[in-house]
Structure formats: structure tokens, C-alpha cells
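A, B, C and D are the chain letters, set down in written order, and residue numbers restart from 1 in every chain.
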């Protein structure tokens, strides 16, 4: 019984400590351990970096930002508990989580509390349920994958495509949209291969791709696995052009895969490799602070905080209730708010719209082949 | 006297070693049969074959004229065959009384009634009597593991009688038991044999104990029956003397 | 726990129950969620304690049964079935699968059995993930409704906490009944000496299967409550690590002790929460705490208590003997 | 069939990794009935020790030596004295749980004190490829396979041909008797823990360039090695290599010919079958049952 009392006492202490000062309180719940630890840690570091910058320049409307971090252990059940805890402390805005499953389980709670939630999940369906409080920090797969499919069909002229994806909600989500789109455009999926997160050996998968002999291969894996499959594709002499997302042609993949990455192409919605000066500056700041090059999740966390800043400054006051309304339909220009890095517009459903790029790896370097404009 | 147990040409070999090599005998209703022989002569293996703990390589076992070879130990026990083991085999974490209730519970009711019925399966009374009979009263609620060696041996024997068996096979009941307790044990066994008309087979090294307790004695050597008869006959049998002294 | 006087034990028990009912009324939603989680995990751990602690059959598949129960409940309640019906199906399903999983235990024991059940855990996870037509695959199942009990909606945290607590109470009573019954005794016989148990007419095969089946069924019950608790399930929480977590709960609490699972679940669910103020270090500290506890007492928390009580008993007994001896001497 | 050749080669290469990790597993089981759930993390950690040494300026060769020494102190000596010894006589389970906690502890510590990111790791084997029968085979894979086989040969020789090995075997098979005939059992057990620590450090050195240094890389490795050890035979050193190679190949064949979604299921089903029909493992000897 003592336990419950201690929990109670602890909770009281926690709610009490949040109350001092004029700081604006944000709550972050992310995958700091478990399968998504790399995602969550990047996201968290991005948030911390942004808050440090903003506070160094005097905060938002003269008030400092403050964030509490909680670990979801990459488990939706725990995520729910932690979001509940965060909401009980009545934060200004909720940040995270990054896994779509965890977003799904927590979004109704934030909506019920009337608190805006800026998250990292990319599954298509998240913003399609009519939730008025949920915001993305990156393209949902429903916006990025059609561009990918279109490129495969129109530019690569691929009649047959092999699709390789990682069997988690990220990979599966992308795979489902891209397969549907390819189908609509008339490209045939001749191999549909699921792989495991952390998989080391891609010989069998590549063997199947080879046997299917497609015109193009769509690769949708995490960075480390992307590097491994690129090596294996090269080893087994697969020559079909490769298309992917940020996770296929990121600097890190190039570093790990060496010249096996050459020729791979990808649609890049948000990447630290983007040919944008502000993003390059971000990448430098981040690497200096944390000693590694962030992936797109680091960017997402960073942007989430600047979304809070821009929206609040637009409102001219700290108003949790009006936050979501203000952010809907808002366009934030990088010229006005450099922290947002690129011009971005938020739709009524919380989806984002901004420029993206088509990149090819040429001799270990990313080369932008095309700039894809905003949709609207 | 009819035979409770008939064993015909039982064989058991491990690899190339014939531990039991064609043993036949019968046990008559109400008797106490002693089974002696040097270490490694196959006595315990014979027990294990009769009781279904081991599957015999050949031969058959009949209980009351019915073939029971290959039945599992639990099934044999249900048919009224009970046993003790050479090494201590009580349930150390259960109390003495619980040990006894456990030993009898499967003979009460069926699976369902044992789940929804009384937690002692109605055996507390019987267990208490058994505790009294074996003079373990002061220890009834102690965990069996805390008892002395001799006391555990008594408990082990007592457990064998909880199911009201017709035939009990005792594997070295006297081993390691001090003389005063041994006298107790013998007295108890004789009493049960008389009062409940239970039939015993006893493996034992303690000659004095066997000779004074048993009505017949079977001697085994190298997996075979060497001699069978009344204690005094067996004692004088030259083959037996040879087997024991020859070693 | 036999060291306490009976009235004291009853008073203590009532106080704990009353506190579990009354104190959470002032809790916020988070506190209630964690407590509900504790209740659910206690149920699952109690099942494993039955299989492992009492019957001595090592299982690394309890998490899979929580998953089976959770999916049964999620699928049925999202299709309009009431939760009690779903719980019933969860019980029957996990019981049947647990029964089948028990068969290897008739052939192999101990670590070998652990490996078989471990493999089963992984297989179950793959089925949850890959059979999307049934389980929603990696997307999982969302919007799992919470039940109406006697016409009362339980979608608020407090009423649903009472659903979990009530279920825990029912399961606790049932388990208490079971381990006191001849079955419980037979389970312990299975653990301590299966050979001797056989010779006493105990059908070890049937009891082994039963131990597996009943333990698994309780895992199913826990799962059927877990689904409406989180209102969203996907395959990830039911992977091998949940089975290992539950094993940890049972061992740390004290395997084979009735109250072990309650304490073990408390350590596994609440301790990390208490340590959260250390932020990035909390899981590290949790791991260290578990190791220290096991180094101190490999038989778990209740093992400590048990040892203490046993020592006191021995002391008391030797004191008694000393008294008796001195009397004897004075008589002489 | 060229595809099959590729599958086999790749499977053997991955399997060799599992085998190397599984080796120590079987050693610890034999001498002290330790089921080390942290074995995967044991392989993950030395690479970080080496990276840390390089971070403070040590050249690669020195970092390797330091890493191996530190591993033997932390994962051999300290693991044995602090965790295994207090629990050894309480049966397999509490210790298994403690090693699970240890696994979490190591993972979290690396994440907290180093990084959640994967870091590349220099390879001691040249990274090129050679052509065998017209198929490109990576030198790293050949390196791992060679070392794994050498390690098994070395261990088998040690165990069967030297008096030290005989003492170790005696200590493992029957500690009581071993003690009576004058074998320093405690020292022999300690020795196996040190050998395990050395082996995991070696494995770390060879594997990390392929797997990358990442706090979570031990999870997949540990489980695969675990299965390899059981399949091959928990109580035989050479069982580990057979099990490892078999699981590696089986995994690839399953992905190629069964289903990629269920590829992990095939080794598991195989594991269940092995345990049920040959519990001592394919190359293991039956453990004596005491009746």
C-alpha cells in the first residue's frame, strides 16, 4: 500500500515543481529506450537544441521555454501512461511521440485535454481521423509516397518494381501507400519483401529481387539496414535503379555503405543533407553539441519547438486553447523565423506542405536532381 | 492364499548390461516378502520395472491376475500399489500433514471434485490418524524438510499407506534409521500388515530387520533370483552364503 | 507469512484492500493508469507464478498469452461484443493453447522447456504481426472500447481502475482457492518431486498440462483487460521482452509465494516510474536495483521474509528445546 | 543454382558470427549453469570500450588490447565475482533474470554515456571482396568464419589435449569429484569466464565493422546466438559452431523459400523440433538424468 502513497506523493511533487516561474512548459514523450531509441533520442536532442537557442535569445514573448522529457520505451502502453502524466501536468503543448502506434494511442488523450500535440509519426492515417489537435513535423506518407511512386513511374520509366520495406509501422505504412500508388499509375510490383528491423543478412532478399528482375527497386528501410542492403545489392550485381526516401540516401547511409550507395536516388522531404543554408547551419550546431550527425528525427524535434514559437508569436500570447486553431492553415516563412528552416504551411488536418527534393548519390555525394515545389 | 502380484520373466537391460535378467516370483495375499541381495544386483531396477517407473525390456507383471505391465506409476497406484523410495522422497516444503493428505488425495473423488471440493479432500482425519499411528504428532505442522532423517523415513512410509493400498513395495525402509526408531517402524509395519491386511515387499540390507519381519525372503544376485523361501531356509542356503561371502 | 497472528493478518489485508479502493480516488489519470497496469500485470504474473512458482514448469511464453488475450478482446469488443464475453473467449483460447504448449513439458524440463516456450513467444509475435487480416498487423487495433458494467460506463480512468482491481480480486480469490485445493498440492508435488508424486497416484501429465493451461488462461485474462486499458494494441508490447518481464516479476517477487506476483508487478511497473526523476538513468538504476535485490536474495522479496521467519522459528524451536532440556535436567 | 550458392555463402558468414557469440554461451553453461541473457550485450560492449580508448587518443592496436583487457576484467572477473557467485547455488532462474537486468543495464549505460547512434567501427580485416567460383564473397565474412573455426579448434585442443583443459572439463562435469581429486574448481570456473570474456571481445572486434557499434546491436545477436547454442548442443563447444552456421543458413533459406515475413519462425520451429526430439542438441551429448 505504501507504493500507492509514494506514487501519490511523487505525483504531487511533480505537479508542484512545474508551477514556478514564468516559463512556458512543454512536455515531450518519446522513444528514449527500446526499439525506437535512436529515433527518440534524435528527436529529444533536436528539441533541447531548439529550446537552448530560443532561451539564449530571450525566449518566446519574453518567457523561457521549459521541457520535460519522458520515455515511452517504444511501447504504446507506456507511451499512453507517460502522455497521460504529461497532460495531467497541463503543458502548453505536447511534443511526440515518434512511433505512429504510440501517436495513435495518445492522440485521443491530447485531443480530450484540448492540448495541441506535435508529433513525429509518419503513418498516413494519423491526420485522417479528424483530430483537431494533432500536427506533423514531416510529410505524412500519404504526401511523400505518391511523389516517390510518380518518380518511379514517370522518370525511371519502371514497368516492374520490387519493393523492400522494414516490417514496422514506419516501413509498412510507406509500403502500403507506395504499392497502392504504383498500382494506380500502372507499374507492377513484382516483388514485395518485408525485412526485419536490425536484420544483418540481406542475401535472400536481394536474391529474390534479382530473380524478379525489376526495372526499379524501392527501398524503405532504416539507415543501417539500408546500408547493408546496398552492399548486398552491389555484391550480387543488381543493376536496376534504386529509389527510396531520406533513409536510403542520407549522409550516414553513404558513410556506412561506401560506394555501394552510388546511383541510389531518393525523395528527401526533410534531411540534414538538404541543400538549404539554414539546414546546413542546423546540422553544424547539432553535430557540435552532440558529437554526431542528426537524422531527420533530430530535425523534426527541432522544428516542433520552432512551430511552437512561431505559432505563439503569431497569437501574441501564450494560449493553449487557441494554439491548435492558430496553427491550422498557418504558413511560416523561414525568412521570418529562421528556426523553421524552410517555408512551411500547415493544413487544416495538421499535415505539412513544403518543398522537397529528389536527390541522387553521385560518387559519395548527394546531388539534387529536382526540387519539388509545395503542393499548394 | 492367492497371489496379489505375479511377476513373470522380467528383464531390463541398459545398453548391453542386463540389470534384471529374467526374474519371476509371486507375492501372496497378506504376506511380507523380503528382497535381499548385494548392491547392484538389480533389486531397485526390478521395483522400478514392476511399478512402471521403467519400461521392462521383456516379461510381464500381473496384479490380481490382471496384466499391468507398462502401466504408468500413477495408474498402478490408483489400482492399489504403493511404494517408498531408497532415497528420501518426501515433499520438503509441505508440512507433515500436507504430505500425508497429498499422498491420499488422488484416491478421493475425481479431478473436478478435487478442484471444487474440500481443500483437504476430506483427509485431515485420516492423516491425523496416520500421524498418530507413526508417532509424528508433535511434528504434524512442521515442514517435512525440517524433520530428522529417521522421521522423514517414517513419514515416507506413512505416505505409502495413505491411499489404503493392497500392495506396498518398500525400498530400504530401514536404511540410515537409528535402532530405536527402527523398532518403531517394524512394529508399525507389522501392525498395518495385520490390521489392514496389506501385502508388503521389502528391499532391505539390514538382515536382522528382514529376517524378523518377513514371512518369505527372495535373494537376488546379478539380476537373477538366487533363492526364495522362509527366512531360516534362506539363511542356510549355501548359494546365498556364497553370494554374500564371496563378494 | 505464517509468522503473523491471524487477526493481525486479516486486519492488514483489509487495510490494504481498503487503501486500494479509497486512496486512488484522489489520484490523477496517470496515477490511475499506472495502478491499473499494476493490477493487470499482477494477474498475468499470478498465472505465471502458478505455472512456474507452484508447479515448477518454466515458461517464457506468458507474454504471448497476454497478447492472445489482448487480441481476442480487441477484436471482439471492436466488433461490438461485450467485454465479459471477450474475457471468456480469451480464457478459453489461452487455456487451450496453453494446454497444447504444455505437451513439450511432458518430454523436457527446466531450461529446455524454457527454450521451447521462448520459441513459442517469438512465433506468437510473428503471427500477431503478419496476420493483418485478423490482428491489424503492425498497425494494430485502435479505438478499443471500455465496457459498461451493470450499465455504468467505465471509460473514465477511475471506474476502469475498479474494473481492473475487481478482476484482480476475483482472480486472486480463484488462485487462492486453487492453490489450497488438492490441485494446488499436486502442483507443488510436481515441482518438488514429480517421481514421488507419480507413485502417489498423482497424474503428473494431466496436472502439468493443467498448470500450463490455467497459468496461460490467467495471462489471457490479463491481456483481455490490457486491451481496453490502453485502448490500442499492436504486436510490439507482446514480444519476448514481456514474457521476460513477467518472469522477472515472479522471480523478484518470490516464486511460489502467493503474494509474490503482487510485489513483483509492483517492482516491475512502479519502480521504473519512481525512478523516472533520474531521467536518462532510470532504466539503468532499475537494472542495478533488480540485480542487487537478486544478489541479496535470489529467492525474491518474499524469500527474504521467508528466511527471516524460518530463522525466528528455528530460534524459537531451539529455545523450546533448551527449556525442555533444562527441565529434564532438573528432574534428573 | 547461383542463387543458392549466394544464400549459402551469406548464411555461413552470418552463421559464423552467431557461432562466435554462441561459443562462450556454451562454455558458461557447462561450467556454471549460467544462461547468460546478456551475451549479446557482452559482444556489443567491447567495441565501445575500444571506441572510447580511441576517443582519448589511443591508436587502434592499443585500443584493441585495452578493450580486450577491460572486457576480461568487466565481463569476466567482475561478472563472475559480483553477479554469478552470489547466485550460482540458487538454481538457473534467478541468475538468468539477473543477466537480463544486466543486459538492460549495459544497453542503457552505453546509450546514456556514449550515444544512441550507430557508429562505424574500423575493420581489422580488409574490407574488400574476393571472387570464389565467380561469386563475390566479402573478406570480412571469411575473416569471421576463419576466426570462429580457429576459436573452436583452439578451445577443443585446450579442453581435450592439455592438462589444464582436462581439469576444466572435470570441474564442469562433476565439481565434487573434481575437488576431491585436487582440481582447483573455482579457478577453473573463473578461467572459463575469462575465456568467454576474451571470446566476446574478439567477436566484438570482428563483428562490429559489419553490425556497427550500436547500443542495441546485442539484442538480435544475443538471441540468434542463444538459438544457435541450443540447436548445436548446449554442452559441446563444437555444437556452437554447427548451430551457428546452421541457423545462419536456415534463416536465409527460410527467407528465400518460405516467407520473408515468417523467416524468423523457421529457426524457431527447428529449435522446438531439436529440443523435443534431440534435446541435447545436434552435436551435444545427453545430460545424465538423476532419478
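Heads up, the rule we're going with is that contacts are C-beta pairs under 8 Å (C-beta built on N, C-alpha and C of every residue); 3 or more make two chains touch, one makes a residue touch a chain.
None of these values were measured; they are calculated from a predicted model.
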*Moving only between chains that touch, what is the shortest number of steps from subunit C to subunit D?*
1
*Going by the average position of its CA atoms, which chain sits the greatest distance from subunit B?*
A
*Give me the ID of the chain with the smallest distance between its Cα centroid and the all-protein Cα centroid.*
C
*Could you state the distance in Å from the CA-based centre of subunit B to that of subunit C?*
40
*Which integer distance in Å separates the CA centroid of subunit A from that of subunit B?*
73
*If you average the CA atoms of subunit B and of subunit D, how many Å lie between those two points?*
49
*asked:* Can you work out the whole-Å distance between the CA centroids of subunit A and subunit D?
replied: 36
*Multi-chain contacts in subunit D: which residues touch at least two other chains?*
108, 111, 261, 264, 291
*Two or more other chains in contact with one residue: find those residues in subunit B.*
53
_Overlap residues in subunit C, where contacts from two or more other chains coincide_ = 129, 195, 280, 283
*Counting only chain pairs that touch, give me the topology of the graph as line, ring, star, complete or other.*
other
*asked:* Run through the chains and report each pair that touches.
replied: A-C, A-D, B-C, C-D
*For the complex, which residues does subunit A have touching subunit D?*
33, 35, 37-38, 40-42, 167, 193-196, 198-201, 203-205, 207-208, 210-211, 223-224, 232, 235-237, 252, 255-256, 258, 290-292
_Help me check something: in the complex, which residues belonging to subunit C touch subunit D?_
58, 104, 107-108, 110-112, 115-116, 119-120, 122-123, 126, 129-130, 195, 240, 244, 247-248, 251-252, 255, 280-281, 283-284, 286-288, 290-291, 294-295, 298-300
*Which of the residues in subunit D end up touching subunit C in this complex?*
35, 37, 82-83, 86-87, 90-95, 97-98, 100-102, 104-105, 108-109, 111-112, 223, 227, 230, 234, 261-262, 264-265, 268-269, 271-272, 275-276, 279, 291
*Which positions of subunit A touch subunit C when the two form their complex?*
1, 3-8, 10-11, 14-15, 32-33, 35, 69-71, 74-77, 80-81, 84-85, 87-88, 101, 104-105, 108, 123, 125, 167-169, 172-173
*Can you check the complex and tell me which residues of subunit C touch subunit B?*
178, 180-183, 185-186, 188-189, 192-193, 195-206, 256
